[in-house]
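One chain, chain A, links the two complexes that follow: it is found with chain B in the first and with chain C in the second.
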Partner chain A sequence: MGTVTIEIDGVSLEAETGSMIIEIADDAGMHIPRFCYHKKLSVAANCRMCLVDVSNSPKAVPACATPVADGMKVLTNSTKARIAQKSVMEFLLINHPLDCPICDQGGECELQDVALGFGNDVSRFTEGKRVVQDKNIGPLIETDMTRCIHCTRCVRFGTEVVGMREMGATGRGEHMEIGTYIEKSIESEVSGNIIDLCPVGALTAKPSRYKARAWEMQSTAGVSPHDCLGTNIEIHHRRGEVIRVVPRENEKINEVWISDRDRFSYQSVTDSERLTQPKIKKDGQWQTCDWETALTHVCDQLNNIKQSEGVENIGALISPSATLEEMYLTQKLMRGLGSHNIDHRLRQVDFSSQFEAPMFPGMEFDIDALEDMDATLLIDADLRREQPLLALRLRKSTRHGRVMSVHSGEVENNFKVSPNVSVPASDLLAQLQGIVAALIEQHKEVSAELTELFVDIKPTPDQQTIASELRINDNACLLVGQSALEHSKSSHIRWLAKTISDLSGCAFGELTAGANTAGGYIAGALPHRLSAAEESNICGWNTQQMLQKGLSAYLLMNTEPELDSSYRDAARVSLLKSKFVVMMTPFAKGEFLDYADVLLPIAGFTETSGTFINVCGEWQSFTAAVKAKGEARPAWKVLRVLGNLLELDGFDYVSSQEINAAVKERFESTTDARVGHFQRPDSLESGGEKPRPLSMYDMDSLTRRSLCLQMSVQGQDNWRRDQIEHLVASQSLPETESPDSLINLSASSAESETASLQESSDA
Partner chain B sequence: MANEVCFRTMHLDEPWTLEAYKSVGGYKVWRDILKNKTPANDIIEQLKTSALRGRGGAGFPTGLKWSFMPRGMPGQKYVVCNSDEGEPGTFKDRDILRFNPHQLIEGMAIGGYVMTATVGYNYMRGEFYEPFARMEQALKEAYDEGLLGKNILDSGIDFDLYNHMGAGAYICGEETALIESLEGKKGQPRFKPPFPANYGVFGRPTNVNNTESYASVPVILQHGGQWFLDLGIPNNGGTKIFSVSGHIKQPGNYEVAMGMPFKDLLQQCGGMRGDKPLKAVIPGGSSSPVLPASVMMDITMDYDAIGKAGSMVGSGAVMVIEEGTCMVELAARTAHFYYEESCGQCTPCREGTGWMSRVLHRILDGEGKIEDLDNLQDIADNIMGRTICALGDAAAMPMGGFLKHYKHEFEHMIRTGRRWVDDQQNAA
Partner chain C sequence: MSSEDPKRLTTMISAKAIEEIEHWRSKYPADRKRPPIIAALKVVQAENENWLSEEHMKAVADYLDVPHIAVFEVATFYTMFHLKPVGKNVISVCTNLSCMMCGSDKIVEHLQSRLGIKLGETTSDGQFSLKEVECMAACGGAPMLEASEIYHENLTPEKVDSILNDLGWEA
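Entry: the complex of A and B
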């Protein structure tokens, strides 16, 4: 593509041929008013707000739909342009209700903003205004369709970005209405984006409706805690209360989108019942206490059990969405005590190749590279459920490229997949072996051993196709899905996937659970490796062993294993049977009330600083947006105090950044040499099974407690509904904070924190 | 000189049959092309010489349009016939479909050959049941005769033609909305460029012409471009079908030479109903500005003359209006049509048509204000040229005509609440 030179308002600009005037103006920071245009959507040119004056054209032309031409002179502000823009503004406003004072969009409304510059203060329109009935499209999005200006951004988002035609325009002319046709709930997992796209108050967020005005809120950059992408979010809060979550643009990760769980899961920390004070169970009764009492009790009990049962009878389970700092301190605490029973791989079933695993599992290419792939093989990946935004990226590649899938269970993709091989979990291995066999057939140089291993496998036509597509295309990759790692033969699957990647030359990627599996590996939240993959001379118990064999004492770092792990029954038995369970959680309700002995209230995800390392190895740190509720504290602070009370070395961090720096230093001084590679097995395996994958809004403790997500169509379909229903508070009471706790909230350094804990206990 | 082109079978019994069409020389041109592989450029040259202009409303030179198709480009291309005929007052295409369907088929087949399009669609409006049946019958005859299909008469040339029925929306006559509708989508115009010649049906190069335009082609090629041009007057070649309606004795379609004086046409139609005086004429369909009798009686029926007088030939729908007709009512009726038919996609048309219609109806209801008239003109000007397709223009243009020539009728109604025409009559 060549470039041309155009002039906008007298400024000479370079422009790529084929680009539209509005893009060049945007790049140059020159503002042309618009409503229908959006850089991530196709050009509709229907609002006509962007009319500009272009040399040689008698009519004003839409800047969003007029391609640049060499020597073109554009005036965005000439009399001709102004008259055109003002006339369109007038048309847009005649039937608009102008109800800004009662509209949630007020203050951040594109129509309001543009009207300020291009509208009149008095209307010539004296006829009756159009009224449109509102539609109920579910618990996430509120509609006020009289305000709709028919820009069709919401429609185009569904058709073009998501691949689900949920919103559409029915009727003609002035009777045209935007809606779902037959009034029905929106089902897509990324539906909330139309709230951001809608330039007016026609589509607003239901959970935060009427809660705050745009100008009252402060904004803090955050990272979504739900999947391994590290989606960038912006947390909006007012006077210490989170009001809503919106996307933070990051072209390399989430573009301008977030998934509905990224957007609405904050409800779990604002509206569900929170644990606001430490509690100890005495004679089967929960009693509120202060931090010192609680932490001293924890220390005493852990020391007692260490004495009586041996330290190998103590273990820690950590949420894969815990921060790097929390992971690091938890394992450090355990190892300080002398136990290596530490794990964050809660859903994993097969640990046989854990020593061969890389430094951290993940994608060996960038997220944004996915949209350029000519061939992609999904191995047991259910992207829409597991990493919804990855599905949007991959969908883009299907405009030119091909997506293929081999999976077990039901997977519904929002893009074309072919071949789309669906088999029982027990046949997954055979499918992948077929692809390897096909590659061996197509390949010239394969080791004799490998050839020998696959000599009996006869690939099917589909397997042949997959193999050759991955091999022929330069831009090809495979993605091993999150649930493939829950398979009972996941080690063999990983080796097969790696072999496919090696033989075909396609890029390799594994998708992982939670927001911080990479962080868990790097922090050493593993029984067999120290942080930064340093070898450990002792191998502790993994999740499976800890839950199936049972321990005397557990430290649960923001996880409810009966729901988070693949071992519900074993978890309940072992946790109930154990002598001592410390639960670190932001929540007041859960099955842990039955099995825990101490509840330590920790900050929710909007209330703590920390770091997530995403599936591509990108470290993203964030700060707390608001202060934790009541006496709750960021978990890293709690762990630090606990470490000090246990008189362990190296718990003197004053900030999460310091912890981060410590891990980073270790990470950066590591060489790959310390990390193993998957070994070729002596024989091929077969069979295996997989636990039923968790529903989209049952994947972590936050989504389970978000009322609106649970009420959505997807939430209603949770297959473990009966087990999680009680976690959602239908209506929670506002917190009343004692003056003491306010003093504590201001504490920041290690000393004053410990001191403040003591102070409040003295009081 | 009447009924020489599109209506050349009209004098026969059952003029729609293949036999009737063959008897006037039908399909000769097509057979000749199939045999001699006449160079496409020669055909286009003939069309250019003939000065045939698109009969769908915009009057774009057909030969030029055909030359825009990327003929050399590989891949599927389409020719589409616009038989949506939605412009109020227009009913000529219906009669071509009913009485001379084979000539349209031949015209489209030639178009397909010239523009290397092997598939054609004839898009008819949803109300055209009888014409549709006639077209289907004709298509069957043409296929049976071996004049359509694959490797036609062993020429190596393919052309398949399909009849398609719309669902009755004025906007589907706009060529890109028609294409959307043909693809099975909601009939909404596309932004141009890209034009159909580059991005048409299913994203492929497509030529859209009106029924009358295609149907004129076989006759032009049979007798030569110059012959056709000479039927009319310079720059306004050939004949044109005028659908004459309104207050006349014999409403109907008249295929006459371009450049015929209006008063002669009126004569052909038997003159005014009840021999009342002529008040005004809407010369080219409801979207063309009205012209007063004094202007009309002096001009000829062709693109240049009507254009100079401030209106358009448009689709050739001549609506004759007698003295005593209330122009406010006519304006309100016209505005209401465009309000109902706007697709709703783009702002000026969606909002502006409703606004104009409401203001006019308010005036009719005796609630008018004098500033409404300036506002009406302003609304029309603000729609004009700012929309995705020309429906906005079609809604805006007539407004100017009514206000230019009959403002006093509007003012009278606003001031008195009564129709100007009634008070005139009472005074007389």
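Entry: the complex of A and C
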């Protein structure tokens, strides 16, 4: 691509051929008003707001749809441009209601801003404004379709970015409406982004509607706690209350999008019942107490059990979405006590290759490299459910590249997948072995041992295709999905995947559970390794052993093993049977009320500082946006005090940054040599099974307690509906209202609002 | 996402109609799924007493493997598609710029008073429906209307009367 020189408002600028005037102006920080143009969407050029004056053109031209040419002279503020922009603004305001004071978008509305700059103070239009019936499109997005200016950003987002066309423009001319035509809820798991895209108040966030004005809120940068990408978010809060969560642009990770659970899961910390004081169970009754009593009680009990049953009967389970600091201190506490029973791998079933695992499982290439892949193999990955934003990224690659998938169970992708091999979990190994066999056939230099191992396997045509696509394309990768790790033969799957990557030369990536599996590995929240993968001379029990064989005492760090782990029933039994369970949780209600003995209130999402390490190994630290509720304290502080009370060494940290620095120092002094590589097994394995994967909004304690997510279409799909409803019902809802009646309520209120709008326009 | 049976349409309309849709579909490249929507909707409407129900539109979408909304968009854009039951004769009267300037208001008024219905309504005997439509590319003969797929141009109230008489309107 060559470059040309253009001039905008007298400033000379270099521009790539083929780029549009508006892009060059944006890069140079020169503002051209616009509504329909968005850098991540196709050019529609239908709002006409960006009309500019270009030399030698008799009429003003749209800056978003006019490619640059050498020597072009653009004036964004000449009389011609000004008249054109003012005229467009006048047309847009013909039908747009002028009731900004009662509109939720007021104060952060693109139309409002542009009208201030380009609108007239008096309208020449005296006819009645058109009124459009609002649509109920689900519990996440509120509609005010009379405000819609038909920029079609939401429609293009669905078509181009998500690949699910749910919104459209029906009708014609003055009767054109944006919507779904029939009453239906939006099903996409990234639908909330249309709230940000909408330049006016037509689409606003339902849960945070009318809660605060844009200028009243403060913003704190955060990192989403739901998946291994480390999606960047901004937390908007007012007077210590989180109001909403919006995306923070990071081209390397989440571009400008976030998934619905990133956006709406904050509801669990703002709306569900929170644990605000420590509690101790006495004679089966929960009694509130102060911190000192609770922590002394915990120390006494742990010491007692250590004396009477031995320290190997104490264990800690940690949420894979706990922060690096929480993970590090929890394992330090347990190891200080003398126990190596520590794990954050709650969904893992097969631990046989844990000594061969890398420093941390993850992707060997950047997230943004995914969109340039010419061939991608997904191994038991359900991206839309597990890492929704990765699905959007990969979808981009299908414009030129090919995505192939081998998976167990039902997986619905929002892009074309071919071959798309769906098999029972027990056949997954055989499928991957077929691909390896195909690669061995196509390859010339393969070790005799490997060839020998696969000599009996005859690849199918699909397997041949997958093998050759991965081998031929330079830009190729494979991704082992999060749920592949839940397979009972996941060690063999990982070895096969690694072998496919080695033989084909494609890049290797593993997707992990929670927001901080990498952090869990690096912090040493593992039974067999200390922090920074230092070898431990004692190997403690893993999740499976702790929950199936049972322990006398458990420390649960922000996890509900009966829901979070792959050992639900065993977890229930073991936890009920054990003598002492310490639950560190931000929540007041849950099944843990039955099995726990002490509840320690910890700061929830948005309330604690910490660090998540994403799947590519990127360390992202964040600060607390708001203070924790009641007497709840950040978990790292609780662990620090607990460590000191237990008279353990090295618990004198005064900030989470100090803990982070300690881990980082250890991490940086490590060499890769310490870490093993997957070993070739003596024989090929077969069969295996997988627990039913968790639903999208059942993956952690936050999504489970977010009322709006549970009411959404994806939330209704939860197969553990009864348990979820139990959790959601514990929120402060009026008793008579089931979630269903809430949905209806919101629908009827939408109607009455339309009615009142109609009245006002009639008047 | 819609995962309804793509073959559902075949149980809703005749085999001959399906054949006709296939005829139109074959005219476009296989990876272009949206072009045959108009033709398919016309065929389905003709088989269904001249109107399209939501179910029909969804079935067409599933049959052509396009999102439901893509069919809704087409069906609501073109005034030749009727989204609720209509009478035996549909009178589509243009009120766009050229026709309006040549007196379509009077024509509409006359039609409404003769038929005793408003725009968008159907006579109680189910014989006539009156519909306001956008430009039908006959501005040279404005004002104009279309009745049973025949254009009538340069309308006057008298001419409208004779059209109605020809179509069998008694009242």
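One rule holds in what follows: the second predicted complex is superposed on the first by the 729 of 763 C-alpha atoms of A that agree within 3 Å, B and C clash if a C-alpha of one lies under 4 Å from a C-alpha of the other, contacts with A are read in each partner's own complex, and residues count from 1 in each chain.
Following the convention adopted for this analysis, contacts are C-beta pairs under 8 Å (C-beta built on N, C-alpha and C of every residue); 3 or more make two chains touch, one makes a residue touch a chain.
The structure presented is a predicted model; accordingly, all values stated were derived computationally and were not measured.
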Label the relationship between chain B and chain C on chain A in the superposed model as either fit or clash. clash
What is the contact status of A:Ala69 with respect to chain B (first) and chain C (second): first, second, both, or neither? neither
After lining up the shared chain so the two structures overlap, which partner does A:Ala169 touch, if you call chain B first and chain C second: first, second, both or neither? both
Contacts of A:Phe125 with chain B and chain C, given as first, second, both or neither: first
With the two structures laid over each other on chain A, which partner does A:Val713 touch: chain B (first), chain C (second), both, or neither? neither
Between chain B (first) and chain C (second), which does A:Ile182 come into contact with in this model arrangement: first, second, both, or neither? second
What is the contact status of A:Leu98 with respect to chain B (first) and chain C (second): first, second, both, or neither? neither
Chain C has the stretches 5-13, 41-49, 59-67 or 95-103; which one runs into chain B? 95-103
Shared chain A contacts, counted only where both chain B and chain C touch the same residue: 169, 171-173
Of chain A, residues touching chain B in the complex: 43-49, 51, 58-60, 62, 65, 67, 84, 87-88, 90-92, 94-95, 124-125, 127-128, 130, 149-150, 169, 171-176
Partner chain A, residues of chain C touching it in the complex: 1, 54, 67-70, 72-73, 76-77, 79, 134
Help me check something: in the complex, which residues belonging to chain A touch chain C? 164-173, 180-182, 187, 412
Looking at the complex, which residues from chain B come into contact with chain A? 169, 171, 186, 191, 193, 339-348, 350-355, 358-359, 362, 375, 382, 385-388
